Structure formats: C-alpha cells, structure tokens
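Two complexes follow with chain A in common, the first pairing it with chain B and the second with chain C.
Our next item is the complex of A and B:
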C-alpha cells in the first residue's frame, strides 16, 4: 500500500492510494480534496446576508427561520448526495471491476461490472468547458454483437485526475486484463 | 488460472465433512451449497445428490472436503479426508482447512494439471439473502446470475431441518423457525376458495356490465371518469382474485403491488368517508356548493357585460358584440334556472354519491372530477360555441386569402394550385375577406376568454386525474420491500475486501447491491391509462390557435368507431 500525490485537471491536490492484494487483485483509492471551511462559510454568509436584507424589507420572522431550515437541509443534501470524498476502483482479475463512490456523509454507492461484459479499459479525450481533458473509461461489450461497444462507463468523474495519474491506473488495468485475455486465447 | 469458491457464511462454524455444490466449468468457479457431516455412507450421499438433481435439473456434486480443526491437527483425520478423493471423483478436488486460531483458511486445489499454478479466490456469501433475492438485468453468460440461480433453485435442499432424520446430515442455511407459520399456512389454504368465490362474483358483475355497456348507454359511460375508474377497479380485482399462483417474479410483484395499492386506496377512501359522514360535512358541502355555482354564474354574467362594452379599451364591432353577448347571457340564464331547480335535491344526491368513497379514494376523486365537469358544463358550452365560430372564421379567412392571391386548394391532389378567377368572383371574395377580417377581433376575444376559462377547468381536472393515476400506479409493495428487505430486489452485487495475508487465498465478501428507488419505480410501476389523449405543448398551442377543440368530451376512440 502506498500513497502518492497527484494533481487533478484544475491543479488541486488529490491523493492516490494503491493497494495490491494479489497478482490479479488491485485497488485504487482516489481521495478528493476535503470540503474547505472557507466555501462553507462563504455560502452560509451569503445566504444570511440575503435573508437579513429580506427581513429588513419585509419585517417577517418567517424569512429567517426558513433560511435556517433551508441552509441546514441544503448542507445535508450537499454532503449526502453531491460531495464525494473518495472514489475507488477495485480490480479483481477473475471476477470484474468494482467502482465505489464514498460521499462525505458516509453513503456509498457501488457498481460492479462483471469481467465478461468488459471489452477494454481505455483513456479517452474529451472537451470539457474550454479545454481538452483525459479520462479513464470502461468499454462494455454488446452481448448480441461481440465486436461492438454497447456503452462507456467513465471512471473518476468527480476527482478528474490528470493524465499522469490516469496512465498509472491504466497500466495496472491492462496488466490484469491482459492475463484474462491470454487465458482466453489458450482456451 | 484462478479458481473461485463461493462459500456460504453460515457453513463456516460447521464440523468436518464434505462440500456439496455445483462446479461451473465455464467460469471455473465452485458454488458450495452445503456440508455433509460424518458419519455417512458414500452410496447414500450419491443417491441423495442424484435425487436432488432430478428435482432441480442442476448437476450437483461432491466438490471436496472441509476440515475445521478445533484444537490441534489430527494427522489421521487429514489423511482420511484425503482418501475420500478416490471415492467421490471430481476434478478439481477442493480441500478447505480452517484452524480455530487463524482467520485465514487454507484452500488447496487438487486434481488439476501440475504445471498450472492455481490461484484461489474465496468469496463468502449469505445463503439466505442470495436465495431470496431477485437479480435484475442479468445477462446470459453472467457468472453472478448463475450463482444466484443455482442457490435459488436448490430451495428444496434448504428446506431440510437440522433435526430431521434424513439419510445424511447437512449444514446449510436454515430458517430459525417461524412461529406464525401455521397462521400463514391456514391463510394460504383459505385464500384459494375465497379467490374462487370472488372471481365467480366478478364474472357475474362483468356480464352485467357487458349488458349495460351496449350502444345507447355506452355513450354515457365513456364520458364519465367514474365509470372508467370502476372498470379499472374491476380489472385489478380480477387480477388479484385469479386462482392460479403467480407464474414468475414480475407477475407476482404486480399482483402484490396491485393488492397493496388497492388496500391503501380503500383505507384512504374509508377515512374520507368517515370524515364526510361524521359531523354532517355532507350538508355543509351541499350548502357551500350551490352558492359557489351561483356565484360562478353571476361572475360569468359580469364578464359578459364587460365584454359587451369596450373590454380593455378595445373597440369592437358593436352589432356582432351585442348578438354574441345576448346569446351567451341567455345561456347563463338557462343555467341559473337549472341550478335553482336542482338545489333542493343536491344534498340527497351528494349523500348517496359520498357512499362511493368506500370503493376507494380514487373512485371518490373521479366522482369529484365528474361533478366539476357537470357543474361547469356551461363553460364548456361557451367554449365550444366560441371555438366553432372562431374556427369557421379562420378557415374562411384562409381560403379567401388564397383567392386573394389567385390560388385555390385542390382537394383531389391535396395541394394548393394556381387558378384564374373571374373579376366578380374576385370582387365578392375580397369583400367577404374584408368583412371577416374586421369581424375577427370580436370573435377572437370571446374565444380567448372562454378558452382561458375552459383551460382553468381542465387544469383542475388534470390535477385530480394525476392524483388518481399516482394512487393507481404507485408500486407500494415493491417500495416497501426495497425499504425493509433491500436484498430482495438486487441490482447486482458488490464485493468487500476482507483482511488479506500474503501467500494465502484472496478473501472477498459478496454483498447484495439493492436496486435504487428510481429503478424500482421504473420497473414495477403499475400500468395506468391516461383519460385524456396526450398532446405535446406545441400541438396544443397549434390547436388553440386554429380553434380546434382541446380535450373534448368526445374521445378519439369514438371517432375510430
């Protein structure tokens, strides 16, 4: 297990943990930057200034209580459904690839893709806002036509690591996938 | 090459024995289902497995041996377990050894080619959850789906109790005993004749409705949403009361969801009814309803007076304005006298209609929708008159505009052709065009006002209809199942890495990934038809502009007949 620091496409720091369980089993954890206190304070402060302005104008207490409730609910919603703390990718050579998103509140959402569905893992190029970025994605095989790709599953969507980091993950993925392929060829 | 062993967690504390399960050659994985304990006679075990195979259609085999070493290693036992390989021939032969003090098990694979280095992945699974869960969107060659299927189809194996004196002694998942099982069994037994009786009564009702649904009366039934709702209620009752057990999972879920939503509907309806009849709410409602209807008529009269003057400062064609205004005034006058005539009976009518709430909230709501439709019938009439006039004018203007440009509509070829008109034809056409054009604003204003009123009524009815649809189509059983027994509806699986040690086999825990709520709603939503034909917003605006009737009482179906 080793920790390495990379940067994401905007230059922020992300930590990549690599855990090697066996020759064909590996896990990558990408830890996104934590929620900064400054942004929370700014958001709450803005909401409260707006609420006080409304209060001064309408002289209605309901405005203040509604702001309190909506700020708390908004924060909870943000922590539970939006802010992602950690993204991990578990590669098990004989079973498949599992992606896990861990939200700040501790909620985990997991997706497991079986090996027979996976065609390949590639690094793709895409235009995002005004620049070209790279992302890692899994190509899924069309069950009816083995030559064709039925869909693409992008990885590390919230962390958006830069190319250096992606290449490392890509190499390990290919190592594990190639063993599967060699076995299939022997058959 | 890797060999995967799916091992049930409930078997880990069991005594030494043989592993029974299924070997999946395609995926090179072994699904362990149970452990056979000593003492046993090999012939009996083989016969038992053959019996199971006949029942389930899956090939079961003795996959290997299991030894649970409590205190210290027993060399004699080890060698005995090793010898069993020659009795139960299976390639590969698994040997799983557990020692009390160490959490890492020792898994060995024997009986495969020596040069191939075997890597073993041990996947623990919860037998009960896997057996009960239903995997969604599984593909054909999926290994996980095969594992789920294997466990689910061997239900008969798990029905064997720990204290049963069977031919052999097994360890696998067993229920802890259900106390209410006798009651459940009695209910199951009682439900069959009950369902038969109910379906007989339903068939009687169906024949009566079929007789009533003949030509002259069906004209009336099609207009009322209550009748449609009742028909739907009968259909769902028929679905529930079917005496045959549900064939597959989807049908079962549909039945259960229909039953639960029906029950909820009826309970809500009874709550509404008890509120209505306690404290004389019906009388209050009837007393409130008449003044409201009166008030609407009076307001409409005011609106017409306003339209007959100079509405919003617009100067209208005075003669046409007067004619239209008087026509609508007379209509309102008729309406008011009709309502006055009705008012003594309205409380009695409401009292009897209120009883329909015991059939369910959705029936009560559709009755409400019908009452609104009947009480605003004059608005509908105004709308139809306005729309017809407007439509006539628009069509006239369109064809005269073509004449104006020296063109005409060719009916045979369905296109616009050029045509040379006579001078007097052109003169008359231009004159008519001018007259229609100058009369258009007056008609358009009446049309606009009544269309807005009609749209308001349609909006209220649409909201009621949406509530009814929500009540009818919500898959409550599936949602509750997802909430309380999330493993029953599986979207897939997820794996958790357990503690590893170098040189020992890889240990994983397989857990069930439940379906998301959105998927549950999507997958199990009950079918519900919309009462109104659906138009897109653009089509609706176009219809409004050219003066076609929107949401008419006459349905599309009638036109096809």
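Our next item is the complex of A and C:
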C-alpha cells in the first residue's frame, strides 16, 4: 500500500492510495480534499447577508427562519448527495470492476461491472465546461455485437485527476486486463 | 509551354517574396535556412470543416495532411456539427476539436470576441500551439481565434478564400471587420494575385505581409475516363452551385442560342441552387428536355463521373478568387471555356482555356471556338491534357509554400499590448479603433483572470498525435503515398 499525491485538473491536491491484494486484484482510492471550513463559512455568510438585506426590506422575520431552515437542509443535502470524499476502484481480474463513491456524510454508492461485459479501459479526451480534459473510462461491450461499444462509463468523475495520475491507474488496469486475456486464451 | 508557365508562376511568386521581404530582411535564403529544420505546432481554425462540404473544408484537410507528412504538428478547431462534437481523430492522427459553440448563420458561429476565449486558450495552451492559422473571412470563429491568439501573443496567419465587393452595405461592414482583424495579424495568405489585390484594398493592408499560395486539386481524383466511347454528339458540362454569383443567368441565354445552332449539342448541368428555376424555364420554353440534363446536387465523389461525360467545360462565374472547378475539369481532360473575371486568368495557361467576357455573346463565341477545335481534331487527347495539368497544383506544393510562410512568421515578434493598441487606433479609424482597443484591454484583463483561476502550469499537456515524437506517427510510420 502506498500513498501518492497528484493534482486534479484545477490544480487542487488529491491523494491516491494503491493497494495490491494479489497479482490480479488491486484497489485504487482517490481521496479528494475535505470540505474546507472557509467555504462553509463563506456560503453561510453570503446566505445570511442576503437574508438580512431581505429582512431589512420586508421586516418580516419569516425570512430569517426560512433562511435558517434552508441553510441547514442545503448543507445536509450537499454533504449527503453532492460532496464526494473518496472514489475507489477495485479491480479483480477474474470477476470484474467495482466502483465505490463515498460521500462526506458516509453514504456509499457502489456499482459493479462484470468482467465479460468490459471491452477495455481507456483514457479519452472530452470538452468539459470551458476545458478540454483527459478522463479514464470503461468501454462496455454490446452483447449482441461483440465488435461494438454499447456505452462508456467514466471513472473518477468528481475527483478529475490529471493525466499523470490517469496514466498510473490506466497502466495497472491494463496489466490486470491483459492477465485476464491470457487467462482466457489458456482457457 | 506548360513547364514554362509554371516556371513563370513560381518566378513571379518568388520575385514577389523577394521584393516584398527585402526591406524586412527576412524570407531571404539565409533566414529561411536558419528556420528550415524547425517544426511548428499549428492550429487551423475555421467554422468550416467536414462534415460540411466545400472548398475551404477540403483546403484545410489536405493542407493539414501534407503538413503532417512534413513533420509538423497540426490540430484543427471548428464548431460542433450536430452529433459530431468533442475531440476526434482523422487519418494520420489529425486531431479535430469540435467545440460546442452556437451556430448563428450559414454554419458560422456568433462572435462576442470573448465567450470562446477560455476554451480556445485552454486548447492553445494544452497543445502548445505556436502558430494559429485561421481560414475564411466568413468564419466568425476564425476571427475570434486570431483576436485571442494575439492576446496570448501567438503568431497568427490568415488565409482569405474569397473576393468581396466594396459597394453594398454587407461588404462595407465585413471589410471594416476585416481591417480590424487583419491589421495586427502577422501574415496573410491569398489564393490568387487578384484575391491579394482585393484583400489588400479591402483591409487596407501592407502588401508586404500578403503572400499568394493557390489552392490545389487532388489529381488522382480527377482523371479522364479511358473507356469513354466516341460519340457523334458534343456535350457541354456545367458544374457549379446554381446561384447568381456563378453566372447562371448567362447560361439561360447560352442554352437556346447554342442548341439552335448545333443540333448535336447536349448540356449536363450539375449543382443545386435558387437559380435552377431559370434553367428549368428555358428547358420548358424551348422543349430541350432530351438535350439539357439537370443532375441536381452532386457529392464530391460524383463530380468526376459527371465531368468525364462531357467534352467542354463551361464556367460562367461573375466573381471568383481562384476557380478550382476549371482545374478539376482540365484535369479530367476537358476543354475549358470560362469568363475572364477575378483570378481565373491566372489559373491555367492559355492553351488549356478559352477566356471570354461575361456576356452571352462572348461566351457563345468561346463555345463555338471550342467546338471548332474539337471538330478539327487537332486537340490533344484527354490523357495528354491530364498529364500536362497534373503537376500545376498539388497539395504538397501548397504545404511547402505554407511552410515557408510559417518559418518566416515564427521569426517575427508578435506586437506587444501597447503597440497593438496603437496599431488599432491608427489603422482602423478613431471610433472603430477605440472600440476594438477597448475590447483588447478587456480581453487582456479576462486573460489575467483566467490565468489566475487556472494557471498554465495546471493545464495538462496534450499527448502529441502528430509532429515530432507524435504517438501516431511513431506507431504507424508515414507511408509514402503516391499522390502524383
């Protein structure tokens, strides 16, 4: 197990943990930066300044209570559904690939793709917002036509690591996938 | 005669360069030699690219392919066409960015001078672009890219593909825009001497920074048909868009007159457009359904098959910067009859073209001369014409000449901010100059902001597909294709 620091496409720091279980089983954890106190304070401060301005204008204290409630609900919603702390990718050569998202609240969502559905793992380029970025994705095979790709599953969507990091993960994925192929051939 | 003509053309262009650049002390042999072994990272920008079809599109594609072959790195930036968006690779690792920008009119994007800046800057930085080469004055994106490239202090080249008038409101406006856009561009390329003259006048440019590099045709696409049976009829082919600019109204007068005179004369007309109705009317009135064939819109690959069915190619353009169609027709071994307008007289030597004034009478005279030549049997065979025309305009030659322009451009210094503002205000009139100078300052502040939010060091360097150490060329060494 080793920890390495990379940067994401915006220049923020992310930590990549690589855990090797066996030759064909590997896990990558990408840990995004924690939510900073500064951003929470800024957000609440802005909301409250706006609320007090409204209150001064309308002189109705319902505005203030509504702001309290909505700030709290907004924060909970953000922590539970939006802010992702950790993204992990578990590669098992004989089974498949499992992707886990861990939200700040502790909620986890997991997706598993069986090996026989996976055609390949590649690094692709895309235009995202006002940027052209690289991302890692899994190509899924079309069950009816094995030559074609039915869909693309992008990985590390919230962390958005930069190319150096992607190449690292990509190489490990390819090692395991090539193991699988040679295994299939022997079979 | 042929080789002599080419020689004279080359001489002319070289002479042009020499007189042009002697004062700036560049473009001389030593200077170029100094820059000779350099490779450039070129970004072609235009609103017009495949899947849209046309002259500019094929120009960009062919030029890029030949530049890749010469070891340069080339990328193309255009706007998204329907489903085709994002980043794609074409033959030999030519990378194309289809940017999600809104299309306003006639496949051209809107220009606000600022909205495309973040994305274009990101692409220029990640691809380590050194020269931005914009195409077509109708493309707003090309002008935007020039503007941004100058803010980023990159070298800029602009290719103008069309001729404009000076009188009507729309051309007055475009000319003003062109003046602003080109006054601080490092170098400009035109497709013919006529086009150069036109551009220099329209944009009030210094002729020293304008070069002429003609278009080219792919001669393997346009070959005569060796199996064509000898018939005892004469066929005249017209392939062009059926619009006013192409002189279709003249055709309406030519058809009945020629058909009356020569009972064995047939017309084949390829292309589509608003003036189709004129031809249909003529056909109706004179009962020429069996002798005038309308083929409708043609795909690029169908053009050759239509051309080889004829003996004489007729071009009636009223204005033309450089006529590709007549080169294609001559390459197919046809006799060419054309109007003497714009850059057309420069295109082919006199042996292969009959030039007329743009009037029905003169064109009919030209056609009669062509028919007489044909009946006398003194004409060279289509194969001989093809072989003679083939080396006139090749993309390799275009690429070689463009490369010289890039070499020269890369030795120039890009105007710094204060000089650029000066240039704008002194060249474009006080009002326009000041407005655009204001935009220059705003875009500079915007650039500072962008550099603060995403510094250049954060942007990933893109993997080179082409150029030195390109991933693509390493894997598949460029094959020597036999194009000529």
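To be clear about the criterion, the second predicted complex is superposed on the first by the 186 of 187 C-alpha atoms of A that agree within 3 Å, B and C clash if a C-alpha of one lies under 4 Å from a C-alpha of the other, contacts with A are read in each partner's own complex, and residues count from 1 in each chain.
Keep this in mind: contacts are C-beta pairs under 8 Å (C-beta built on N, C-alpha and C of every residue); 3 or more make two chains touch, one makes a residue touch a chain.
Only a predicted model underlies this, so the values are computations on that prediction, with no experimental measurement involved.
Superposition of the two structures on chain A shows chain C fitting alongside chain B with no clash.
By the touch criterion defined above, A:90 reaches chain B but does not reach chain C. In the superposition on chain A, A:117 makes contact with chain B only, while chain C stays out of contact range. Applying the stated contact rule after C-alpha superposition, one finds that A:174 touches neither chain B nor chain C. Once the two complexes are laid on top of each other via chain A, the angle at chain A between chain B and chain C, using C-alpha centres, comes to 100°, given in steps of 10. Of the two partner chains placed by superposition, only chain B is touched by A:21; chain C is not. By the touch criterion defined above, A:157 lies against neither chain B nor chain C after alignment on the C-alpha atoms of chain A.
In the superposition on chain A, A:71 contacts neither chain B nor chain C. After overlaying the two complexes on the shared chain, residue contacts for A:98 are found with chain B alone; chain C is out of touch. Looking at the superposition, the partner that touches the larger set of chain A residues, chain B or chain C, turns out to be B.
Measuring only between alpha carbons, the smallest separation of chain B from chain C in this overlay is 17 Å. Across the complex, chain B meets chain A through its residues 1-2, 4, 28, 119, 121, 123, 139-144, 492-495, 497, 500, 506, 508, 513. Only residues 21-25, 27, 90, 92-95, 98, 100, 110-112, 114, 116-117, 143, 183 of chain A touch chain B when the two sit together in their complex. By the touch criterion given at the top, residues 7, 9-11, 125-127, 130-134, 162-163 of chain A touch chain C in their complex. The part of chain C that touches chain A in the complex is made up of residues 85-87, 97, 99-100, 118-119, 122-123, 126, 454-455, 457-458, 460-463.
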